[in-house]
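Structures follow.
Next, two complexes with chain A in common: one pairs it with chain B, the other with chain C.
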Partner chain A sequence: MLTSILEQTVNGLMAGSVYVLIALGMVLIYGVMHVLNFAHGVLFMLGGYVCHFIFTRVTGSYLLAIVLSMAVLAAIGIALERGVFRPLQGNLRNQVIASLGLILAIEHLVIAVWGPNALQFKVPATSALVPLGELRFPVQHLLVIAVTLTVVAALFIFLRRSKFGTAVRAASQDRQSAMVVGIPVERIDWITFALGTALAALGGALIGPLFLVFPQMGDAPMVKGLAGILLGGMGSVPGAVIGGLLIGVVESLSTLVLPTDYRDSVAFFIMVAILLVRPRGLFGVRVRGED
Partner chain B sequence: MRIAALILLVAALGAAPTVSPPYLLHVLVLCCLVSIPAVGLNLMLGYTGLVSLGHMAFAGIGAYTAAVLMVDAKLGFWAALALGTLAAGAAGGAIGAVCLRFRSHFFMIVTLAFGLMLFSVMNNWDDVTRGAAGFPGIPRPVPLGGFAFGRLENFYYLALGCAALAFAVQWLVVRSEFGRILVALRQDERLAQARGINAMRYKTAVFALGSAIAGFGGVLQVSFLRVAAPATFSLGESINAVLVVIVGGAGSLAGPALGALVFVGLPEYLRVASEWRLVVFGVVLVLLMLFAPRGLAGLLERVWRR
Partner chain C sequence: MRTLVALVLLFPAVVLSQNKVAIGIVTSLSGPMAAPGKFQMNGFRLAEEEINGAGGFAVGGRKHTVELKVQDTRANPAEGASAMQRLATVDKVPLVLGELHSGVAAAEAPIAQDYAVPLILTIPTGPGLTEQGNRFLFRVNANNDQLTAALAEFVAKQGWTPLSFIAWNNDAGRGGVNGMKRLLGETKIGYTGYFNVGEVDFSSHVSNIRAQNARAVMLLMDEEPGSLAIKQLRDAGLKTQLIGTLAMGSDRFLARLDAARLEGMVQYNAFPPNASVPRIKAFSDRYRKKYGEEAHGFAAQSYDGLMLAVAAMQKAGTTTDGAKIRDALAALEHDGVIGRIRFDAKGQASPPVYVTQWCANGSRRVLYPESLKADCGAG
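Up next is the complex of A and B:
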């Protein structure tokens, strides 16, 4: 029993790390632009495909493929911010519906180009195993967790210590006042969008080798990333990290007592239940609330 | 002028089976079936401003309720249609009451989560819903006065009649005081509440009504296809329902019909390869939001006024 709990905890931390990477992008974008980009899941998926393409066709280096796919997705993010989300700023309903349009367009574009079937994505780190007590995990599992923790640490230092990070926090606390003191909020918008889509691409590129690359691979992680954001308190970056990891671990542990088919539902059920009791999330902060 | 156009439309739709080939008739039936849940969503999204991202799951509740009643309990089609509609409405009322405790983004996310949970139940509860492979053997309605619905042209009249009923309900609701209160809630909820309107009660009511209409359409759909499959009530289909309403024109009476015609009919007519169809629609949705947020109905109205 203890062994399976340990095993599911590590699996949960791995899945949760991916939710964190998606949630971080969404929460940063939500913070500065006040948009929930529902298309973040398909951008995550596109990141997986681009990484797969670069890895198999252009270079054999997984690391380089990850970095390049993040760069490609950052460029796409900038284009979407300029072309779609900035013109619709201030109209929540239209922004959300436009992001639904992006889901349809990108998901089916991928199907049209790469076909509906899952692609094999073999990197060395998926077959190598590391022992952990009695258990052995693929290196890729631990790689996903380690990379995510590093990214989270780097992001915190960036947001807390750098001048630009401070400007991002200022813009998400009060956009107008930030403008008044001379912070270039429009530049912050597009840089944040690029950062967010690059993090989504990182998630897709890391998870692709473990669970194959397929057109719907971003759907469930996107919703669970959202669940993590809500659990952590809307708009809070540390909250999104803890919320995402928590969703991953809880749903993974739930498979010990419930059929695996209902794993996804467990995460959503917990989200709705907690929100009914604590509408502001687990920690009672909502940095950027709305009514 | 308007009445003349309406009579012409009814005559054309009524005469369709005598002049059109079976293929076209099949497409028209699909248009009717797509437009019915869209009417329900139009009341919620278009008139009340509630963007629900799990709408088709409620069509699924109606469809599976009717499927179980017809196949396992050997109930007749009409009773199953009524009970399926009621079940979807009741589920909509209960789940809506939970979702509506949240606002704007939060409301959307919670409806999305409920849609996914309901899909997961339809997909996995093998004993009742027959699981991912779908629920086979759903009968067509029994013949009514020599009207055998196994025949395409007769099912067409049934689908047309049911769509007409849904649009009639929409018309009655929009014209009523209830409908005006819904619009008031969309425009300024605080002001409406200050005038003594219980916003929660009205929003829950429209959520239940919209879900019931979706369930009504769901029952018809599975009766036409003879099988209930979870995939037809997935998140993707819920997004398509939003697409139909928005393309047609949210908050306009004819919107769901125009949207269904464009969504189902146009790709068939243009023979667009299926994988590119949703790419095009996705781009169209983004462009509509940027340049014509009131959809086709809004565009037509602009031309009409000129």
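Up next is the complex of A and C:
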């Protein structure tokens, strides 16, 4: 039983890391622009495809492919912010509808370019197996967790210590006041968007080699990431990290006692239960301009 | 002059007498079952080419060629129902063939009955489909109960129990598990885990199978999840005996993984493409010539389905009357590539079932039935 718990905890941390990468992007964009970008799951998927393309067609270096796919997706993020979300600024309903439309547009574009079938993403460098007691995990599996933790740490330092990070936090606390004290909020908007989509791309690029790259690969992680955000508290960056990891670990451990086909329901059951006790989530912050 | 005019006027009639018969096809060109859908279409296309290449088939003194009206049902029941409706009412086809997904077939079958258009399934294995009393539904391929009956006999003989499962959370998966439970007895069944179509992470099943110390694990799923599950089980260091479905006994499946991970795995199979049975060998050669790859059971079943449909139209003496074609199908006996096809009162055929095993060098051998046992390279 102990072995199973250990194995499922590692698996849960891996799944949770992916939710965290999606949740972080969504929560940063939500904080600054007050829009929930539901298209974040398909951007995650697009990141997987772009990384697969660069890795198989352009360079044989997985590391370089990850970095380039993040750059490509950041550019796409900037284009989306400029072309879709900025013109709709101030109209939450239209922004949400636009993000839902983007899901269809991007998913069908991917199917048109790469076809509907799942692609195999074989990275020999990270397919070696690491023994952990009697258990074994592929390097890729542990890489997902390690990279996510590093990125989270870097992001925290960036938001807390750098001048730009302070400006991002100021803009998400009060956009008007931030503008008054001379913070260029529009620049913060697009940089945040680029950062958010790059994080989604990182998630897709990391998970692709473990499983497959396919058009629906972002659907479940996006919903789980969103659940992580709500669980952690809407608008809270630490909340998104803890919430995402918690959902990953709890749903993985639940399969040791419950039938595996209940795994998804467990994640949402936990979310609802915690929101009943703490309506603002675990780390809920009161965001001005809301309710 | 008059004869010339008459000839010119007659000419279109001469051309028209080479009638085209539109036959409905429901398959997956896209979506999660697009990969096996390709095999299905390959089988239909090969049969179409051979029928039309031979000048078509004669019904009531006229030659007819086959034209396939292909609908993509995307493993989606709603798409399947609307495709079936369209084929019956807009295209007015005399019969429909195909489908891969048992859930989608269940949505299509009642429409076939409503419009008296026979539906011949060539791949779905959910046993419940042919238990609905639907007179217009036929199934060429063996269903899960038939496949598992052969496998259960084999597994029991090998002593591979308790048997664990990772299975699709649908009629095909749950039906397969229940079938094995019935045949082997509840006590011989270990861990049973279900997953939804589209899920790719099997780590929770791996943990549970390890914890239960399962003697063997059966993977009731198709190619894509199958390759992921095997990779994850083997990467986690589990040496459990693997038992797969007929989607896992092909060269294409080998290309997704490698011989080391597959070695020793057995799977039931409706069609061992390298067996030294003349009808199988002949089909495999023709298939390889056209598509440049190893023949697949789904293609053989679908090929037989279309050939059977043509035979039924000839026997019924009509290319339009669905009810008459149905009666002809019910009474027909057809020597197909997969074996003799004859439908029982429920519309289910009973083609032979094989068990093949992966060898260390990436070829396969036939282990069951005893009479056809053959060594590596013949499976």
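Basically, the second predicted complex is superposed on the first by the 282 of 291 C-alpha atoms of A that agree within 3 Å, B and C clash if a C-alpha of one lies under 4 Å from a C-alpha of the other, contacts with A are read in each partner's own complex, and residues count from 1 in each chain.
The rule is simple: a contact is a pair of C-beta atoms (placed from the backbone, for glycine too) under 8 Å apart; a residue touches a chain by one contact, two chains touch by 3 or more.
Given the structure is predicted, the values throughout are model-derived calculations rather than measurements.
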>> On the A-aligned overlay, A:Ala227 touches which partner chain: chain B = first, chain C = second, or both, or neither?
In response: first
>> If we overlay the two complexes on their shared chain A, which of chain B and chain C does A:Leu246 touch? Say first, second, both or neither.
In response: neither
>> On the A-aligned overlay, A:Ile111 touches which partner chain: chain B = first, chain C = second, or both, or neither?
In response: both
> Thinking of the overlay built on chain A, is A:Pro138 touched by chain B (first), by chain C (second), by both, or by neither?
Replying inline: second
>> Contacts for A:Val84 in the overlay, against chain B (first) and chain C (second): which applies, first, second, both or neither?
In response: first
> So, does A:Ala198 touch the first partner chain B, the second partner chain C, both, or neither?
Replying inline: neither
> If you stack the two complexes on chain A, which partner ends up touching A:Ala170: first (chain B), second (chain C), both, or neither?
Replying inline: neither
> chain B or chain C: which reaches more residues on chain A?
Replying inline: B
> First (chain B), second (chain C), both or neither: which does A:Val272 touch?
Replying inline: first
> Touching A:Met1 in the superposition: chain B (first), chain C (second), both, neither?
Replying inline: second
>> After overlaying the two complexes on chain A, where does the chain B footprint on chain A coincide with the chain C footprint?
In response: 111, 219-220, 259, 261, 264
> For chain A, which residues are in contact with chain C within the complex?
Replying inline: 1, 3-4, 7-8, 11, 14-15, 111, 116-118, 120, 129, 134-138, 211-212, 216-217, 219-220, 252, 255-256, 259-261, 263-264
>> Taking the touch rule as given, give the residues of chain B at its contact with chain A in the complex, in rising order.
In response: 49, 51, 53, 98, 101-106, 108-110, 112-114, 116-117, 120-121, 123-124, 235, 239-240, 242-243, 246, 273, 275-279, 281-286, 288-290, 293
> Contact residues on chain A for chain B in the complex?
Replying inline: 36, 38, 84, 87-88, 91-98, 100-109, 111-112, 219-220, 223, 226-227, 230, 234, 259, 261-262, 264-265, 268-269, 271-272, 275-276, 279, 290-291
> Within the complex, which stretch of chain C touches chain A?
Replying inline: 30-31, 34-35, 169, 193-196, 198-201, 203-208, 210-211, 224, 228, 235-237, 256
